[in-house]
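Take a look at the structure below.
Read from first to last, the chains carry the letters A, B, C and D; within each, the first residue is number 1.
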Amino acid sequence: MRPEMTAASLDTAARTSAERGALARARLLRGLLPALSLALVLLAIAWLNPRAISYFGFSLMLNLAIPIALATIAQMFVIAGNELDLSIGTFVGFVGCVTATWLKDAPLIGVAILLGSIGIYALLGALIHLRNLPSIVVTLGMSFVWQGLAILVLPKPGGKAPDWLLGLMAFKPPFVPFPIIAALLIGLIVHFGLMRTSYGVILRGSGGNPAALGRAGWSLLRTKIVLFALAGLFGVLSGMALIGITTSADANIGNGYTLLAIAGVILGGGEFVGGRVSPIGAVIGALTLALAASPLLTFMHIPPDWQVAANGAILIIVLAARVLISRKER
Amino acid sequence: MPRGNADIIRLNGAEKHFGAVRALGGVDFHVGPGECVGLVGHNGAGKSTLMHMVAGTLVPDSGQIGVHGDIEDNYSVSRAQQLGIRCVFQELSLCPNLNVAENTRINHASLRGFGWRRKAAELIAAKLDEIFPGHSISASDIVGDLSIGRRQMVEVARAFTVTQDRLDLVILDEPTSSLDAHTAGQLLAFVRRFVAGGKSCILISHVLGEVLRNADRIVVMRDGKVVVADAATAFDRNRLVTAMGGAEARQKIAAQIAAAKPAASPLRVRARPAAQKDGTDLVACAGEIIGLAGLAGHGQTDLLLAIFSGASRARAGIEVTAPVALVAGDRQSDGIFPQWSIAENIGIRSLARLRSGLLISPQREAELAAFWQKKIGIRTPDMNNNIFSLSGGNQQKALFARALGSDAQIVLMDDPMRGVDIGTKLEVYDLVREEAARGRTFLWYTTETEELDNCDHIYVFKNGRIVANLRRDELTEEKIIQSSFGDAA
Amino acid sequence: MTSVRSLLTKPWIWSFIGALLVWLATIAFTGGYGGGGMVTAALSLAVFTVIVGVGQMFVITLGPGNVDLSLPANIGLASAVAMKVMDGNDSMIAVGLLAALACGAAIGAANYLLIWALRIPPIIATLSASFIIQSIDISYGRGLQIKPPPGFADFANWQVLGIPVLAILTVLFTVGAAIALQRMIYGRSVLAIGQNIRAAWLAGVNVGRIRFLTYTLSGALGGIDGALLAGYFRGANVDIGNEYLLASIAVVVIGGTSVAGGKANVPGVWGAALFLVLLLTMLNTFGVSAGVRLLLTGLIIVGVITAAGGQKALR
Amino acid sequence: TSGKKIAFSNNYAGNSWRQAMLDSYGIVTKKAVADKVVGAADIFTTADKEVPTQAAQVQNLILQGYDAIVINAASPDALNGAIKQACDAGITVVSFDGTVTEPCAYRVVVDFKDMGKQEVEQMAKFQPKGGNLLEIRGLAGTSIDDAIHAGILEGVAAHPEFKIVGSVTGDWDQTTAQKAVATILPSLPDIVGVVDQGGDGYGAAQAFAAAGKPRPTIIMGNRQDELQWWKEQKDKDGYQTWSASIAPGVSSLAFWVAQQVLDGRTDIPHDLLVPYLAFTQDDFEAELPKIPKGGVASHEYTQEDAIAAIKANIK
């Protein structure tokens, strides 16, 4: 005796659609937060140094953000699978060293090394899954491996980026600066691949509820391998982009990217567990970090002792601003 | 076996061990076309384990699986899927970070290529409309934002969606445990239509009425074995309970309660829902059992949480005068500590009392666990086993033990009987009344109307507000449904 | 036999096995020469990693995303504070230690304040904080190498029968930490929060207070570590804690603590700290170049963790 | 050049050498600005010796419209992209200490290779019988480390009585050096001398003392604690050694070079060799009181010094 009361349940529907509207608004706002942070930083820069807001200014301020954005995307793939990669920075450095040496002098071998390193990333994913290892330790170990290899490839700084790469990174398209186009492209391509394609759903699902994915017949080994291989791929792109800008390499060049990339993913609205990541957010997060850490700081004329502190303070302010907004939404 | 009217699935002599625990000890089980098989049994009887074999997610230690008359040697999830077998697992199997349509995609390898999002959304929306008319779930909702009841609705609907693979059998493992009476009714009506259309279904539920009314054949399990299997018409409630064992002599539901209650007992809780405009309070005194009723998700849990946090810090509109404990219903997200043993899970609320000196005494912790294992019947060889070695219902019992074993004078229960078997339920009802008689106060939100029989007072909720305040002698199911659906006061 | 087998299932045993193997490999290389001295050196150096490792362990146990990246900066500042307060004066040793402890605890508390009030993920909050602390340190210590009082320096180097006294004290401290973790309400609460913060709240755990205490504890241990390091290395300096950013995390996870939170163990921190120092000893003794040394360090870490394997997931 | 703006790009400020470098620069430029020799001389410091951060910083300085950039670079090659952009924008770039290889920039260079070779030459005076040497190297993968190391190898080749029996990485950091030496000492035969890269001599001395090994001849690196220790040993038993390092005040020299270029001089060679700062048994005690406690020996250059140095380099 369970009465079907359609009229009454319509009433419930009305209630919950208002509720859903609120939820959707909240989610939209949460999604826009990274963009708001970026806008905030840009406003501050425009105010401090109006000259920077120009074609030339953006080209200069943002070109080093491209490798950061690529490394952030790499980290994002790993985080999407509930893992963390502490080796991405030294990996970028290793790729940089290979790019400035083998890729220039013996392109075929260089390409083979880079493909092989993506393969190692894929193998790491498999190892982590099969042996159920904590990715933090494995990648911590790998960070030493990559740095060691980088020093072996390039015992002292030097090397030279291949000309085609130099040409690519120095490309000056009309009207819109190259870094902005590149950032847009990276964000949109990865967004489409991860958020829109049907296998992207599976990849994100493997972070959201791996058990459920397994019960639906998907191979978790495969998702992990794919996620890590993608991380490796974007790590390679990041290293190459970086060397394209700096023109030559240094074994320690990427070390700072590990933390930057994690911070970028989080700033972009990603979370450490649960497969909640956003590619566009991650790119915006990387740009925000790159702008806040350097141009903003340089334009502010802070006494040298406190410049490092200002770096931290800017990070806190940018994130705190997000909190004020998301508080309101509650 | 002739192919014509072959069973959809047949298991012969299925056995499964988890370490020392024998979950299944040689089970024969089959489902024919066009039938709804009811599967009942006490918590830990092995129902879910058996269903994992049928769905291909667990491989039996020994025994044979045949599908559509052919023996399957390499049976797996994807094979089951191809052969038209789907399962709604007891533990929710949706990805909380994905939206409803994307979750649908996970179950259909063929949903890909251009336009898959639209196809998936249409597929699930149509199925939800069909099963739960007026459900108010959109295909673009993120599952993590949905209430547990709505998630269950999505998961059920998803199991019935069809793309290119055939669909012959759907396993429903306690599908109604988080649904209110109205939605559960919609689901069961759909199951009857589904079966009438020549498809098959396995229905697991601890609400025996649901099984009796909807199954064609009922299989009763006990301690890893099938004990009886017969046409549904051959059973009544008594025979089912007897067959399940353990609760034979317990038929005196809610007969004599509240006989001798102290006249003016002290006030324990006074609480007003945040959305309440008319000044109505929920009031609970020492020794009272207060029911919170109404459709799922209409503010009952919110009020319980408000009372819970009101106990440790001042909150407007909430007055709490004694220590509080909470029995979670959504045990995965609100109750269980997955790394811990059963004993540790029980002891966490009572750490201060388990100390000798500065240190927690392992001995006292073990005593507490042993006491409640006996009192509430937690089925396990060792309370030091991990909590996840327990069946779903037994995990829930451990959460009861945590609250009742604590020093709390007020116990908040958030639809706590999800997945608890009938025998245990009756025992817990007695326990609750017994503790109430000793002066404890219970605030009990439930989606199962018959449980309200145990309460002294029932507050009916709608849209986050209290819309009716019924004494037990005024209580009828019609009245609750009427207030749940009627105009908000 | 069964006891050996049950020992092998302990998550921390692998770090000790790793340490032992690395040590054996080293003395095999030197033909047994210097084995004792290596252990002494390893114990003296491991102490500093263990102290911060324990603090980091409690933080990491709070659950995914919880980590204290401000330890290096914290150690640097506290080392300067301790040395400036002691000012080369033996009578001020205790005051200096207290000052370092207070400085570290204040940093920990500030970290939690950022996390709590601004809802910033711990990893970014502590990273940002570390920049600020570094600036404070530079402007306070001016990058100068400030010397410890002789009594304190001797204490940091004091050995009895080849065993550093500091190591003995640290063993006592870690025994205490292990008891706190498993047998005290504080430790149980940390473990509960790490497994499921919402369930912990609903089970009556005072989530806010425990998290605050944990970050403060980690900070305070960083502070003490800074003072001890300055004593042992004969001087405070800004960079003195740099290697503990990775090392504090590494000893925790190599030691068998779960990065997913809710599962921790203290002995593993010792095992992993000894393992890392002996690994450095081995590679220095082999005399390999920096590149090869880094490469082997990484491969051995990955190898040990692979041999130890992960835990089987339930259901 | 009174209207010209000069920026200083620095990538690290956390040790005494860098602090002394910043101090010298600050003293000289403040006066230069007050005397209206230049319009502005601002200092920009990034954290943690990161190449990409410094590259970004240089690019931002371009945007700020400076006329010249004085730079202590994190990498000799990897900043070339940014340096080239600066040159293309018409900005004068003068590098020192961490110099850059981009041809358009000026380099104030210290002959590190010669310094490494001199270490062995000096060692040969103190230990005429020769014997085993321990080498402490700097930050792996950097050009300075590479140059000093090459010099030391050259020296040892010229003095076959010496043999390098152990080599560790000290990262130019006392703590790291002490730790590395402590781990390798137990396995080493007797050591007569330690050759290093500056800043790590004191840590090495501590490690020998802690391991109870006899004190070898340790080449020092001009830090106050190194010279102080040297003095103590000398007072005790006439201990002899030698000390060399690049003077932090070379930053001020780089500043004047930039000023001279902006002043329109076109005859300045792009590579300016300046001597490193060395102390011997006879003159180090005179210098010791002038160094701040915990600091490093330095020397500020004047405009005349710079003009003289330029002249010396014009062949």
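Everything that follows uses one rule, which is that a contact is a pair of C-beta atoms (placed from the backbone, for glycine too) under 8 Å apart; a residue touches a chain by one contact, two chains touch by 3 or more.
Every value quoted in this text rests on a predicted model; they were computed, and no experiment measured them.
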| item | value |
| --- | --- |
| Distance from chain D to chain A - Cα centre to Cα centre, in angstrom | 37 |
| Chain centre separation in whole Å, for chain D relative to chain C (CA means) | 32 |
| Whole-Å separation of chain centres (CA-atom averages), chain B against chain C | 44 |
| Between chain D and chain B, distance of the C-alpha-averaged centres to the nearest whole Å | 71 |
| Per-residue multi-chain contacts in chain B, two or more chains | 91 |
| Multi-partner residues of chain C (each touching 2 or more other chains) | 131, 134, 138, 258, 290-291, 293-294, 315 |
| Of all residues in chain D, the ones touching two or more other chains | 13, 47, 140-141 |
| Touch-based graph of the chains, sorted into line, ring, star, complete or other | other |
| Each pair of chains that touches, named by its two labels | A-B, A-C, A-D, B-C, C-D |
| Residues of chain B that touch chain C when the two form their complex | 91, 308, 312, 325-326, 328, 333-340, 344, 348-349, 351-352, 355, 358-360, 362, 386, 388-389, 402, 406 |
| Complex contact set, residues of chain D against chain C | 13-19, 47, 137, 140-141, 166-169, 173-176, 178-180, 182-188, 202-203, 206, 209-211, 223-225, 292-295 |
| Complex contacts: residues of chain C adjacent to chain B | 179, 183-185, 188-189, 191-192, 195-196, 198-200, 202-206, 258, 262-263, 314-315 |
| Chain B-touching residues of chain A, taken from the complex the two chains share | 1-6, 8-13, 15-17, 20, 23, 27, 196-199, 201-202, 204-205, 207-209, 211-218, 274-276 |
| Interfacial residue positions of chain B with respect to chain A in the complex | 55-57, 76-78, 81, 87, 89, 91-98, 102-103, 105-107, 109, 111-113, 116-117, 133-136, 138, 141-142, 144-145, 181-182, 184-186, 188-189, 295, 463, 477, 481, 484-485 |
